């Protein structure tokens, strides 16, 4: 079955070629999967790949049950992440910038995933544009990063402000912070997509994971051999 | 009929008490009205009130036809405004700030209406957040205004940036500038309503007129006798 | 660090220049923040500013925990507000008008915040347009205010009716009262933005806080020295 | 074929039992139909029923072409209506109330259809809530009608105001008048459906025709023999 | 205070002229009101009007608490209705037709309110168009009603089918029955508004109450003295 | 009553002609129905038809209560299905293909219903396009089916990939798997409807039942006598 | 290049394996393609496949230009279809049923494509549910088809009515016929997806082509050899 | 004025520090700007920066008028681009992959902008997933790029397929290609944001320009000196 590039567990077809194609094993999204299923998938990944193995959006009790079944697990409770075999640190710096304290949960997920896969993470919290001097005070530090992840809910204006200040790639993560016209993150999403700052890119609402994986792609491209 | 507070022209019931209640005669919205109808309404307003009489969103040929019928008209072609008896200047300063050159049409409408009703207008164009230093360079001047009208399309982030810098009332006008996820102004509208800068208020998409009328209400309240 | 205008607590960057720029210290939005975090932010604000310090949308148990940690707190339980150092009364009158009894929660938030920052609040409840004589009976009293906050859910028609009766600024607050086509407040929001009464401005759904802060900006502008 | 209750023209199956079931022959909606098709359908209706035959939303040139082919046509150009054999007047009074001059087109369609089917129409134009005294001045006259059709765009608040003043059935017609957040009539539609005035009913955006047909159903029910 | 037409309880301004204007006292919507508030309002209505007094959407425990405080209450638990002084039966027949068993809750509300205000209600349940012969078997009975209320969720097609079969007024009530693309009733609402059967009218999603009140308006108009 | 084609239980009008018209008795949707009501309907169906009788979306405790009342029931707990008299196997093969492990619940409903009505079901789980080799490895097996049901949430791209690989009918079932911009299945629904693979058809979000019934129609058409 | 299964023209990669995989060559969608591009693609398809070659949604002048360049073209102007080598008739009957005369354009596209690929098409026009007897009169004839395509705009109720009457597969095509709340076909689309008639499937708005291709898949499955 | 970092032309405040901050001068978006305005802005950019100067979305006649005023312009008519001083080629390869021929316009914009700023562009057109072998045949070539821009309308599934095959950054550009449920590009946008392939990022609908600028950020980061 190795020749087929996946392992068929019945409830899941684990993509065992993912690491070869993309530099990282498949990441497991916990919601909707039973403990048995997660354990089964993780074991295949540990057996048939070499890199870090991650489970995201995992509830504490599920995480505990799995830790008891598969040794060697690391946990980041705030971020809802369980992982094995964290990657060696890579010299690729990711600045994670948040608009408000309430966006912390999403920023944690981005940071925890990025660290587990070896990226060098710096966190800049609560620098929303209602007090723009807070961002300007950190602008030079942020601009030194290899990529910036901007995490913001409500109107998401921080993405535009950061996008105008730095030259490197900016990955905007809209969050569901806010109420009413915030439309559970849709407003921030639409706003980031229509930013007046050119060249921003956007991932799904609350997807700290998606932003970290986009950073992984960037790090992979930036650090590979170039002719 | 004066006792009823309106004049019934059949196709329109002109509110002749509006000036007494709100300090300004009724303003005429041109789309969907025939030249004859606009002429009739304007003449009632000129006869039965004392303040400025305005027609908004008027096409050049309609404006020309009306000018030929009712003497004393002033025109602001860029803004699509026709008016009679402009008000005396009042010492109430309105800063109109725009995010980009393309928002000019809406800013013109706001400026033209505000001037016709006697407000002291200053225009600050193209200070969008993609180059935030442009706004910061004007921040002190803008902060001296009695009220600020922020005109911005796309993601509308300028409203949040201005809202964080000034203490006075901020009236945000979303515009339909942009494409795709800008959703013809809805994105800017929703973003302004969920701004992280507290105390902003918002008017309808592209409604330079609405913003100017809100400024009129502010000027009216700020300049009346207070015990 | 005072020179930077903010205080970095790690989980928050408290904007200590806010009072200087806008006449009020930063207001703390409780949801998504831990008790420890709120206590930390409040203490910085009490130490480094002079005006009223507020926490909004706070749950009773969180409020209790904080009161035990930071002395001098005042509570308005109906409004979900906790505050310190209420402002001196200012002679700026705010009429808060509600369409129905069910809009009371939002009106309470607006009233409590407005009072804490020193405004002179008058409440007119349950004057919806289905029995327009109730509004007309209060129209003269309402028209004497310096600004009117209209709180209405469902179709939000009260904002238009009030807007046509008074000359002063009208801040419309759509609420999520209603069901089905009320779309959790979106219908009232859209209706208020397209009101036939000129010069209304609108804040986010259920944002009694936002309306009170807009009133603060008006009071600030109306009562400052004018040449 | 009479036994089947319809006449099959290939491109149309004319419902020749409609008049028997509902008191009126089928009404022809012109858009998307060729002149030949409209002529064919009208002739079947004239031949096989006794009541008024109407074509709605017809362009002037199409109307002209049809008039040349089928004698006895009446035209109401403003309303875009072509009809034959108008009904005898019935003592059922319909008050059509409009919010603004721009809603006239839809009100015309409602009035023209209602008259052609024999209803007693009274028109009250431009009584929007921004000057509520205009409506109050006519309230007693309107309340005498057997049913009221309220035609309003933008925020549609007039429907609620009228609904609170009269006891008879109120049919609300939202119009596409307005721009931006008016969403081409959707805002007025949603607002009317969530009116605080109980017992309003609503028809489709811009459907003056639908409102007139609803009035026909009311007239039919009110004037039939009751035990 | 009688001269003003309302009674001001602080938390509510009870419209004591409603019965005179519209033939029924104000109806109390329970959600968001405290027991004390409902009791207060009901007592004013019982004191100052003569007709039936209703409270809708009331939870069983709240209903029980109120029954203990205000004597003479009747309850319809399935419909969530509490009422006093039911009206004398009137010879106005309302057929309530439902698409499926799951729409029963909304149909119950319509039926209970209609009965309490004196209408003659007949219920036809589960006659959805997937088995159209079920509707056709009852069509003659339904057509004898003075008005038909059609209650349907999902795609709401029953309204069109009934609308094509009967001549009397049809009030369509979309329900939130269904999932996914049913969009919590919005799909049925939009479908009913665009029905190919002419002259249907529509009320808000799940508003059995609204439909009954629309029927009240019809009964009021149909049974008043006509010249 | 047999001649009428339905059985009137008061709360339900059971369509007893359904099996004759469509080859299957009516299927009972449990939500919103009481145990008594389900029991009553099931008994009519068992008495007056011959084929399989199914109840879908049933909670375990309701299923248990019914099993105690109506003998002979089969249960598929994962799928929420209760049924009697499963059909004889028919040689019509249905391939059910899922994008991810989380779509299993919907796939189970489709599979359980399809089996109960006699179809030959093969399940291919977790072959989403992020690792397209997993699908390609099964493509030949899938292409041998008589019809394919594709179950996918998030962006639903699997439907397009399968649609391009097989010649037989493809029924796409969008699921509510995902968060944020997945919009509870609307995104997958819209994406499947605009697939670049021609001739796909789509059923409602999460409607495994709908897909199985569409397969029943296909099996019925494919296996009937053809001239 | 044959081994790759496509032919690379630079502006297009023609899928020359499509016929082998799916029984029909690729169909060309004209909008957005230049005459030269369409000619190039058609020639590859004529050279490298054996079945019918179609171009859809083609404007008359573009069609004329192509006919002059590629011999042997057939045109169906009403349907906007250009095709070569129509298929041999197959004994698979498709009933196309339309709600109104205005849905004709979409029905024409479905019929023209279906005929060109060899299906046996019967058209039943204008049998909308507002006069349900028109549909019932044809129900037996329609039920004899191998599949039914229902074409309906506005509220799309015809799909549910037909779905309840026939046992064979029903492919529902929503059309953009209607205005206001019809939302350019979205309302019909959503309504068809939530039909109370089980087992309907739906294609994109106005996609007569999509429905015909779904019928092709059905015909392919129904007529292949079965063990 | 150089010290301020911008040049104030009245109608525009040209950001003359942009090149220093982000490695490229400001890019001019033509719609809504007069020829005079574009000329003025371009001249400031040519005078005060060194890199390429671009105008996007320019109509042919406007482009011609500007070429006559400012010497040295290059034009890419298909892409609607006018530019001066194209950048030196950089060894950063961008693969632009399109789903269909109709997405060409957007791909052209991306390609033209990317080339003008010095990136090494390879175009792979018409490799949509309906014939997945076309993509697989090019997968190795595409995987060698430093970044991939995927341009796709309709359901946008190509982004997921490419995202699963390559390791480098993937920038997805939804296009407005398609009709009906494609919702002018919104469906593709939402689908791309919820892709099952991890780490994709998305830009605005039809924004070939935005994708090219995102690639510029990537190239800037990848090619700068790293410690």
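We call the chains A, B, C, D, E, F, G and H, going by the order they appear; numbering starts again at 1 in every chain.
Simple rule for what comes next: contacts are C-beta pairs under 8 Å (C-beta built on N, C-alpha and C of every residue); 3 or more make two chains touch, one makes a residue touch a chain.
Since the model is a prediction, treat every value here as computed from it, not as a measurement.
**Q** At the place where copies chain C and chain E touch, is the share of residue numbers found on both sides over half (same) or under half (different)?
**A** Counting shared over all numbers used gives less than one half: different.
**Q** If you average the CA atoms of chain G and of chain H, how many Å lie between those two points?
**A** 36
**Q** List the centre-to-centre spacing of chain E and chain G in whole Å, with centres computed as mean CA coordinates.
**A** 44
**Q** In chain H, what residues contact two or more other chains?
**A** Where chain H meets two or more other chains at a single residue, that happens at 130-131, 164-165, 180-182, 186, 189, 193-194, 198, 204.
**Q** By the touch definition up top, name every chain pair that qualifies.
**A** The complete list of chain pairs in contact reads A-B, A-C, A-F, A-H, B-C, B-D, B-H, C-D, C-E, D-E, D-G, E-F, E-G, F-G, F-H, G-H.
**Q** Contact residues on chain A for chain B in the complex?
**A** For this pair, the touching residues of chain A are 99-100, 128-132, 136, 154-157, 160-161, 163-165, 178, 180-183, 186-188, 190-198.
**Q** Report the residues of chain B in contact with chain H in the complex, numbered from low to high.
**A** 101-102, 104-105, 125-127, 130-131, 133-134, 137, 177, 179-182
**Q** Which part of chain G faces chain F closely enough to touch in the complex?
**A** Residues 21-23, 27, 91, 146-147, 164-171, 189, 193-194, 198-204, 209-210, 213-218, 220-222, 226-227 of chain G touch chain F in their complex.
**Q** Given the complex with chain D, which residues does chain B contribute to the contact?
**A** Touch list, chain B to chain D: 4-6, 10-13, 15, 17-18, 26, 29, 31-33, 37, 174, 176, 185-186, 189, 204-207.
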